[in-house]
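Before we start, here is the structure in question, set down as structure tokens.
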Amino acid sequence: SEKATPQESKGKLKIALSNSFIGNGWRVEMENVFKAACAMPPYKDQVDCSVFNAGNDVATQSRQISNLIAQGVDGIVINAASTSGLNGVVQQACDRKIVVVSFDNTVDNKCGLTVNTDQVKFGEQLAQFIVDQLKGQGNVVMVTGVAGTGADNDRNAGAKKVFDANPGIKVVATYSGSWDSATAQRQTAAQLPSLPKVDGVWVSGGTDGVIKAFLEANRPVPVVGGEAENGFRKYLAGVTPPKVNGMSIGQPPFLSVISLELARAVIKGEHPKTSVTIPFPMVTSETVKVGETVFPDLPDSFFADFTDSGPNATVVLCQEAATDGTPCPGKTLAVKLG
Amino acid sequence: MDTYAVHAEGVDRSFGGVRALRGASFAARPGEIHALAGENGAGKSTMIKVLCGLVKPDRGTVRVTGRLATAFQELSLLPDLTIAENLLLHDPPRGRLGLVVRRRLVPVAKEVLHEHGIDDLDPRTVTRDLSVAHRQVVELVRVLATRPEVLILDEPTAALQEQQVAWLAEHMRRLRAEGCCVVFTSHRWREIEALADRVTVFRNGTHVTTRERLTESEAVTLMSGRTLDATYPPLAPPGDTVALEARVGDVEVKLHRGEILGIGGLAGQGQRELFLTLFGAGRQKPAVTVGGTARTIRKPKDAIRAGIGIAYVPEDRKAEGLLLPMSVRDNLALATLERRSVAGFVRRAAEHRAVRDIVDRLAVRTASTGHPVGTLSGGNQQKVLMGRWLLSGAEVLLLFDVTRGVDAATKHDFYALVADLAAQGRAVLLYSSETEEIAHLCHRVLVMREGRVAAELEGPVGDAELIVAAAMREREHV
Amino acid sequence: MTTLDTAKRVLAGPHRRVLYAFAAAATILVAGAVIHPGFGSWTSLRTMLVLASFIGFVGAGQMLVVLVGGIDLSMPWVLNGAAIVLTTSSLGQSGRLPLAVALALGVGAAVGLANGLGVAWLGVPAVVMTLGMNGVLQGLSLGLSKGLTCGSCASYAPEPLRRLVVGRLFGVPSELLLWAGVALFVTVLLTLTTFGRRVYAVGNNPRAAFLAGVGVRGVTVVLYMLSGVFAALAGITLVAYGGQPSLGLGDPYLFESIAAVVVGGVSILGGRGHYVGVVAGSVTLVAIVTLLQAERVPEYGRNVIYGLVILAILFTYGRERADD
Amino acid sequence: MSELRAATLGYAVLAATAIAYLVVYTTSLGHLPTPFDYLSLLNTSLPLVFVAIGQSLVVLTGGIDLSVGGMVGLGVAIVAAGSTSGAAVTAGWMLAAVGAGAACGAVNGLIVAKGRIAPILTTLATLSVYSGLALKVLPVPGGEISPAVRSVLTDPDVPTGLIWLGVAVAGWLVLRRTRFGMRVYAVGSDETAARAVGVPTVWVKVGVYALSGVCSGLAAVFYVSTTTSGDPNAGDSFILTSIAAVVVGGIAFAGGRGSALGAVAGAFALTLVIDVLFFAGIDPLYQSLFQGLFLVVAVLLGSLVRWRRA
């Protein structure tokens, strides 16, 4: 792009991460891997990174992005407080030829690019797993995320579609756990006494909290389809008893790193201006592996899917990057944009 | 058809359990000044609120003929608004589009004040910053300016000085001459006698009588069912031990045991500040010698504990004295809780005994010491407030205008109580907006003017005029 | 005196609102048990009571400041800050628990002290002081814990603390016994001590209380401190319950603490109310939400009905004096 | 008291914040703020400006309105849900949003004035109700308004926003010069006294809460216009920020004293603080710490000044 040349002559690109809130471990990890990536080659030499949090207030996030525009950054990476609330300011960034990439909770405005997993499929797949395990018969509870956000709506829609298609499945309760284990636990505890036998739980986030509530109420833990909290996976692996039958799909925190790469590549003209959808990492009680997809020494709130693996991995990160934001030793970071 | 300008018949009105009016009637004619008299709690104010529609009667009929204006007992000026805004709230000067022309407010208000003979008030003053007397004056101008055909004034003179009373009387008479019906209430018989064409007496929420001529003692009997002997009690001679000695600004106070020292002067000459300061609630924190020991009094707690103990009884018992929803017991015990407690716990039995004792001694009329003090009659509330300080054993009593708005019988009891307390050796500092009281009830009088002592008179002075004269030297009207 | 008279007297007396508060709680619970089988079971009640206890703790603090006509908007982050302090200082080790609990409560007390000094000595309106303080604490908590990325922030509550919720004494969760203890403490403090008398005096008429020798400022400061301590206690028990702190932990408790206080019959204008009412208020709030969720009312409907029920309760006994 | 004096605190705080902004901005970027900065500041501030005016009116009567969060959310939901087609339709839905605000506000006012339930409790309960309605109207964030509407209300390149700010300020000044305006202050100063001198306190209160609803509706309109679409939770952040704006604007919580112009200044100051912190390079994690201090210090300064004057 036109802007890249003078910037390059000065040395580095300026790319900023604008996050809405840090209300849970996922966001923290997402920022950590971003910071770690920025401290690793090639970003270390090419990009000047900065990070901003707006505390879930659209007006604040909007001000911060305006100020980033004033600062003359080259790219802005956004996890948005509202799907729509930033459309105006994003448009202004686009008008000034700034590359805008939003991820996780993306921005509607078509002038920006997005990086995400397929959130509808996320919901569908967890629901399908539960249906399959129950052989199409049983009572299911849905624990949803932060109401009114894009990711929550898409996941719920996906799940509903699957459950509705199976007449033997009865959704006996739906309530929000706000993607937070403590909240999910409190809400579940409040619900359980008045619920009939529960055969399956579908959780959009805060999964370990939901399981703890079942255990505390002395109820058998049903089949669980949930997020990638380390605590949940400890139950799947049987690291913390009892061993739970379930599937864990995580929204990968490294979406921020992919967004960083997309922004960089687009500015440099190395990648077309197109959005990126990545597959989401998934494990079940059968496939979960200690030290690789679950970490007994790390806290429950840690998101265990901090990295991708396998030959087709989008990006491979080390554990320190996720826990402390420190760069992985002696490595050049390679991100496959698919 | 009668010729009454206001007419209420068979009015009932209760507040919660309190029956303020029971089948009460009241009527007044155009072209007369009609006084409404009665003890505290007799229902005068309630009748007035019923007449002007502020309180809806539970039963009974009310009729008012003509444009009505009312000045209420609790001042109804808006404290954050200026004098001008208060005067012109309903009919501000307006320009095109009907919008208020704010810069015209002040000149128009000045004009209104001037028409009523008031030239020394700046209409831009926020009324919160005015003295009570001045607020009352503004309130009266506000109602007078509406050119009423029926004018009702509830205790308009309670906060006024002699000159201001005269000023008001002049306006009331002028209105009467113009055919207006003027109704007012007062606890000062002198005023009723001087102004009223007819008097209506209320007792316990009902109409007792309406007459053209009534003597004070007849009236008191009708109002309270009691006959009172001489208004002021005889005074025992004061002692010569100094109970309290202090210098507050330019005022030196030396108060002896057994002495009642009057503080006189026009309202707002620094008397209130003097009282509050001595009690630790003023701006200055002076050194005070109480019962021989010197103390710096920074807060009321210090005053209560200082030497032989200081007590302060304010004029406004509802705002500064009592906790109306709390029980008689709690109110009495509040200032001395720690004396009847172990490790922070109230010793209930001891408290009960102490409280019972005071209640009996002062003959407080209450069904139980557990009743909220707000349900008591005004006089009994006053007794509770005095009782709090008797319970504290304070030997120095600062009594600030405590008879304001108090009915004749209660005042009478109060005078006897004060004289008795002094006779027992307590020292009393007394301020009253009713100069008569200071003239008769004090061993000695300090007349204050602009924060200084303008004169010291030996008492009992007897003639209030002497005190007024001392206060007025070099001063003009209002 | 007949029973009817007694009943009338109590209903007219100062305890009227407390009775209403219990009636409201009972009504919702009974309605729930009728509408939804299982709602009235002991397991269900026990869970609701445990959840109500968290509201009960913040409600205790909120009530104390409301009694003197104040309000504490700093609750969410006092609660959260205390939770973070507890985990970072205990590091999951039982041996460090006493110290950690003391520290967490100390944080609550210190913040409450600052609030109280600001309100009583500097004359900052309570809304402003405590709202500002909430921001200050949020900033400090996020900043110092780097948004909870610090390793020690992710520790669990030490085992003995977690037993508070799981453990049972005579079939009753210890958490509920703790709540009962708090209720007893607050009630005794307010009704049997000289301090309690002074609190009501200040709440009814601060000027008159001052002139009767009450240390109005001192009383106010102590109440804000207690409010901080109770918010911290809520934070501690919530960590005990969930095992770990999270950043949104305190958010729901701001409005719930206020709601519990008024549904419990405490006058928002100050001077009137009892903690037993707040206990009932906390249970009522939890019962409403639980019932609405059990009935699978959608999110929007839950909000609407919750608001309407609170309004209805306010209409029955939360009105200001109806004198004229 | 003149409007100017009544709003002194707000202006002073705004001036101080603006100076701080200019200093940190120029040191950070080496040049003065550009029209872009002023314009985006203006446009992002407008919704809060409107809510703050409404909140001021309520606080001036001695009340408080927590339900602004729900009313803004509902307004945003209505505009966003309705406005998928042309400008005329959008304008219609915008009117509907303002109307809904007025209705919600009037309900608040009736409950407060007729039902005699304390304002903080009334609006706490209705907050829940109105937020629920917003979720019903717009369960999922979305909607899109036509660029034509945006260019009239908050054009990102032309300061059309200034016109609306002018309209808001003028609206306040006119209101202040009506008898209703005087009565608002009368009710806030002493409600019993106001009733006694014949001010129809019930209707003044209903009017004030309804106006607060109207302001919330307008805020919703400008919110949707700057962000170009809607979110049912959009109102939440306005609850505390509008109260903060009123506080910084020097309006007394007891009622009866202050001016909405102060709150307008306060709204801008609060928005500017975010920018000051940004360019001062303060870790955003500490942001609320400074915002909290800002609030308390602003009020403390205000009372210090008042002390000295007294």
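As written, the chain order gives the labels A, B, C and D, with residue 1 at the start of each chain.
Rule of thumb we're sticking to: a residue touches a chain if its C-beta (ideal position, glycine included) is under 8 Å from a C-beta of that chain, and two chains touch if they have at least 3 such contacts.
In this text, all values refer to a predicted model and were calculated from it rather than measured experimentally.
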Any chain touching subunit A and subunit B at once appears in the list C, D
Selected pair, greater C-beta contact count between B-C and A-C: A-C
Whole-Å distance, subunit A centre to subunit C centre, using C-alpha means? 34
Averaged over CA atoms, how far is the centre of subunit B from the centre of subunit D? Could you give it in whole Å? 44
Distance between the centres, which are taken as Cα means, of subunit D and subunit C, whole angstrom: 30
Considering subunit B alone, which of its residues make contact with at least two other chains? 54
Give the residues of subunit C touching no fewer than two other chains, as numbers and ranges. 142, 147, 299
Can you list every residue of subunit D that touches 2 or more other chains, as numbers and ranges? 135, 139, 285, 287-288
Let me know each pair of chains that touch one another. A-C, A-D, B-C, B-D, C-D
In the complex with subunit C, residue positions of subunit B that touch it: 15-17, 49, 54-55, 279, 281, 299-301, 303-305, 312, 314, 319-326, 330, 333-335, 337-338, 341, 344-346, 388
Show which residues of subunit A lie in contact with subunit C when the two form their complex. 21-25, 27-28, 31-32, 53, 147, 172-176, 178, 180-183, 185-187, 189-196, 209, 212, 216-217, 298-302, 323-325
If we count contacts the way the header does, which residues on subunit B are in touch with subunit D in the complex? 54, 70, 72, 74-82, 85, 89-90, 92, 98-102, 126, 142
Write out the stretch or stretches of subunit A touching subunit D in their complex. 22, 51-60, 62-64, 66-67, 69-72, 82-89, 91-92, 95, 108-109, 147-150, 153
Subunit B-facing residues of subunit C, complex: 12, 14, 192-195, 197-198, 200-201, 204-205, 207-215, 271-272, 323-324
